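Two complexes follow with subunit A in common, the first pairing it with subunit B and the second with subunit C.
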Partner chain A sequence: MYAVEVENISKSFEKVEALKNISFNVKSGSLFGFIGPDGAGKTTLFRILVTLLKQNTGTAKIQGLNNITDYKKIRSIVGYMPGKFSLYQDLSVEENLRFFATVFGTTVENNYHLIKDIYSQIEPFKTRLAGKLSGGMKQKLALSCAMIHKPEVLFLDEPTTGVDAVSRKEFWEMLKVLKNSGITILVSTPYMDEAELCDEVALIQDGKILKIETPQNIIGAYEKNLYAVKSTNMFKLIADLRSFEFSESVFPFGQFIHYTDKRDQINENDLINYLAQKDHKNIVLQKITPNIEDCFMSYLNK
Partner chain B sequence: MKRFKGFVIKEFYHIFRDVRTMAILFGIPIVQLLLFGFVITNEIKDAKIAIFDQSKDNITQKLSQKILSSGYFLLEKNLNNYNEINQSFKEGNIKLVIVFEKDFAKHLEKERKANLQIISDASEPNTANILVNYTIAITNDFLKEINPNAKVPLQIIPEVRMLYNPDLKGVFMFVPGIMAMLLMLISAMMTSISITREKETGTMEVLLVSPLKPIQIIVGKVVPYVFLSFINAVVILILGKFVFGVPINGSILLLLGESVLYILTALSLGIMISTLTKTQQTAMLISMLVLMLPSILLSGFIFPIENMPTPLQFICQIMPPKWFIIIIKNIMLKGVGFAYVWKETLILFGMMVFFILVSVKKFKIRLE
Partner chain C sequence: MIPIIFVMPIVQLIVLVHAATFEMKNIRMVVVDNDYSSTSKKLVEKFQRSPFFIISNRTNSYKLAEEDIKNGNAEVVISIPENFEKNLIRENKDKLQLVVNAINGTSAGLINAYSISVISEFNKELAGRNGKPAAAIISQKQINTFYSFWYNPELNFKTFMVPGILVLLVTIIGFLLSGMNVVREKEIGTIEQINVTPIKKYQFIIGKLLPFWFIALFELAFGLTVGKLLFNIPMVGSLGLVFFVASIYLIVILSMGLFVSTITNTQQQSMLISFFIMMIFILMSGLFTSIENMPSWAQTITKFNPVAYFIKIMRMVLLKGSGFAEIKTEFFSLLFFAFTMLSLAVWRYRKTS
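Our next item is the complex of A and B:
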């Protein structure tokens, strides 16, 4: 049973072709992620699915309802949180929540259990105007508002953009709780590390879906040997690694630089010697298992 | 219905929490009305004049006295030669010069006619005209006084009565005009801004993806402004009556009813503007340019429509304020009933229906 079925959807604006023949299905009750850089077409896709835009070709169904002909029915069963914070800044936290509850024909009290985990964190500030909340609190409020009518399918467009790391983590914890209560969740994000928390992930770039997989399979499909490299002069290290004759990809990643080699078998000492020649001190080279971000980088480079 | 109520309550929050909105809603009407009523007036009193009396006999003295005691004129100075006339106009504070010819009294006695020259500063044509007319009228009066038994072969004496505004008070015209202008401006501008604001901040996106119907969104936006504009209309009428003495001769109920119709017309125009524009700024600009200036200039508020070139007269016909001004002037000043204004009422009603139809047609249920 699929909650969202999308077949061959294309959408172009005046000059840009935003979506090119996209197809995918989302299983009921799953957490489905769209990962891709800015401008990949994530927002356009979400707007089509929540009936705010019409696709040029192709069909999309939400809970079996056609997104163009049945748009009215869809609007009462989906929850939507746009990328831009779009609640009323001059209304207080509580007033915003009450407003969206009434608009959807319910009350805060009726569905309080749904949002309890999230809302209880911002409840101490319920009389504060929404415009005066911090970024993380704003997103929690927006999620509460999108959830208050107990939607069957929830669309979250970049909910964690501009939110600090701690709040991001909390936010994803909440999504897991929501998922467990049976709601299908579609979420888009530019942060690749968040993909690991999804059931399935679609990698989207330039209006095309490059890959749809479970995060485990994406990592499992990674065939290269991946090394984390470190030395005292990190900046120079990047340049030197890139100019190494067998170098395939070089990315800074936290304190280390992630490096892959063109050869299947590599002699670690070769590389260490090469770096030593280039005046690097305290060289650390260790083989690591790839994380999801490494996998995406390798897909995006193909 | 509960949804709708929630929406309206939210709108009231928006209005009452925004100082600027409140200032526009309640500050501007009162300030504008007082400004127009007190400062801008086309009545003339104490206009400064100069007199060049070459005769200085008892007749010219008496006539000068009479002119100066009329209340319209103040003697700035007496002149002694022709060159001074030009000079004093150039200095700028003199509006009119009266020149008596030499031997004025003698000529009047012997030849039964004497020459009096009136020179006025026509760089302000209206003032000049009014002052010249006043002077002529006073002179004619004077002539009758000193010569009550003059035998004139045939004489028609027009007896003028200024109906509905006997003192020709400007305020009588301004109050209806201001009311028409302000209600139009506030109603149309505020609704168009409040709808486009939702588009700009992205909240419209969320509202669209909700079970709210477009008509509920639109009507919900309008309801608070109907109330507030109505309060405005009442405030203007009260100020007009008690501060400026503008009478309300007709039925107050009819007057308020027509005001509500006009407010609804203006609001639906505001909605139409908002469905055609994307940002608050364009909505505001359009409301200001398209509504404010024409509703001042082309509504017959300040300039009589009959004197305009035909193409402009045609444009005046599609200005809602024009019809509203006719209606309220008739009700307030002439005290007529609905039977005399039904045609104008019908026209306003038609305009409102048109604006609503266009808005509903143009309201986007999606983002594009």
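Our next item is the complex of A and C:
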């Protein structure tokens, strides 16, 4: 059973083709992630799915309801949290929650159990104006408001953008809890490390879906030998690695530079010698197992 | 916001009513008396006694008098020809010349009317005294002009202006507040969150309309109170009728504001369009210049101007005490506008793009 079925959806704005023939299915009760750089079309896709925008071609179904013809029904079964904080900043935390509950024809008390875990964290500030909350608290409030009508499918558009690392982690913990209560969650994010927390991820770039996989399979499918390289002059190191004749990809990654080679078999000494020739000191070269970000980088490069 | 709501009507009423008045007191008149007879002196005396005129200069050269008008030292010249008295007695008629500075057409018209009323009164007196048929000064035919200013006998312009300025007040409040509203939600992004809810279009628009409707009605009540206390404006007609019409009128204005708001994307655009529309509505409303003086094409345009209707109704009800029967045409026009604009606003507000 699929909660979201999308078939061949395309959408263009005047000159820009935002989505090109996108198809995917999301299993009921799963946490589905869209990973992609800014401008990939994530927000456009979400806006189509929550009936704010109409696609040019293709069909989309949410819980079996067509997004064009049954948009009214869809609106009461989806929760949407836009990327930009869209609650009333001049209403207090509590007023916002009550307002959205009323708009959906329910009450805060009815569905309080759904948002209890999240809302209890911001409840001490319930009389504060929403505009005066910190970034993390705003996200929690927005999620509470998106959940208050007990949606069957939840759309979260870049919920963790601009939120500190601790709050991001907390936020994903909350998503897991929600998922366990049977809600299908679609989440988009530009942060690749968050992909590992999803059941399935779709890699989206330039309006096209490059790959839909479980995070485990994505890592498992990584065949290249991946090396972490380090030296005293990191900036020069990038340039030198890129100009190495067998180099395939070179990315800075934390303290190291992740490097893959065109050859299947690689002689590590070759590379060390090459770098030593280029005046690099304290060269460190170690083979590592790829994480999901490495996998994405390799997909995005293809 | 709350201080603005209270300060705005007071400032508007005090400043605008005094500034935008056409009240004619102390009209400066230059007398060119070439006759120097007792009759001509009586005529001048009559002007002097009138509360409207002061004789600023006497001369026997028309040229000099014209200078005074050019310099802005006088608004009107009355020129009494030679043998004025003689002709009046002998031929029972003569002519006078009135020269009015007509840069401001409205005030020129008023000065003219005031002068003629003084002259015709003088004419009557002459006729009575001579025991002959009245000597026609204005025209050769025996027309007696009687001026009787109804509903505003002292020609108090404050009385005339206050109802109009109150209309201005509720219009500005209604139009601008509602015009900024939906577009503000677009700018902040809150409209996204609202649009995915099952809320109905008409519910949304009504929700947007009601608060401003109450605020504007309250403003009207407050403005009327201020007008009564400060200017003692007459309230001859039923206040209930005023508020009933106002409630319909506000739907027109608020819907127009919301309509502007739904077709624009930024508050700046909305501001610009609202101002443009409001300027035209207000300047063509008959508040400052009477609609009857406009060219006929402009008069046709004012038929589509709700502000003009409401100002007319306000003046009719407050100053004349007109009842519903007298304002029926205007009222139903407003009702029609209200219906059209509200439907337009609801129709144009899109939850999906």
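Note that in this section the second predicted complex is superposed on the first by the 302 of 302 C-alpha atoms of A that agree within 3 Å, B and C clash if a C-alpha of one lies under 4 Å from a C-alpha of the other, contacts with A are read in each partner's own complex, and residues count from 1 in each chain.
Definition applied: contacts are C-beta pairs under 8 Å (C-beta built on N, C-alpha and C of every residue); 3 or more make two chains touch, one makes a residue touch a chain.
Remember, predicted model here, so these are calculated numbers, not experimental data.
Participant: Clash or fit: subunit B against subunit C, after overlaying the two structures on subunit A?
Facilitator: clash
Participant: Which partner, subunit B or subunit C, is in contact with more residues of subunit A?
Facilitator: Result: the larger residue contact count on subunit A belongs to B.
Participant: Tell me which partner A:K54 touches in the superposition: subunit B (first), subunit C (second), both or neither.
Facilitator: It touches subunit B and subunit C both.
Participant: Looking at the overlay, what does A:E95 touch: subunit B (first), subunit C (second), both, or neither?
Facilitator: In the superposition, A:E95 contacts subunit B only.
Participant: With both complexes superposed on chain A, which partner does A:K176 reach: first (subunit B), second (subunit C), both or neither?
Facilitator: neither
Participant: Going by the contact definition given at the top, which residues of subunit A touch subunit B in one complex and subunit C in the other?
Facilitator: 50-54, 71-72, 75-76, 78, 80, 82, 84-89, 100, 103-105, 145
Participant: Using the touch rule from the top, collect the residues of subunit C that touch subunit A in their complex.
Facilitator: Those residues of subunit C that touch subunit A are 188-199, 351-353.
Participant: If you look only at subunit A, which of its residues touch subunit C in the complex?
Facilitator: Going through subunit A, the ones touching subunit C are 50-54, 71-72, 75-76, 78, 80, 82, 84-89, 100, 103-105, 145.
Participant: Hey, which residues of subunit B end up touching subunit A in the complex?
Facilitator: So the residues of subunit B touching subunit A come out as 2-3, 5-7, 9-10, 13-14, 17-18, 201-203, 205-212, 365-368.
Participant: Which residues of subunit A touch subunit B once you look at their complex with the stated criterion?
Facilitator: Counting only subunit A, the residues touching subunit B are 47, 50-54, 71-72, 75-76, 78, 80, 82, 84-91, 95, 98-100, 102-105, 145.
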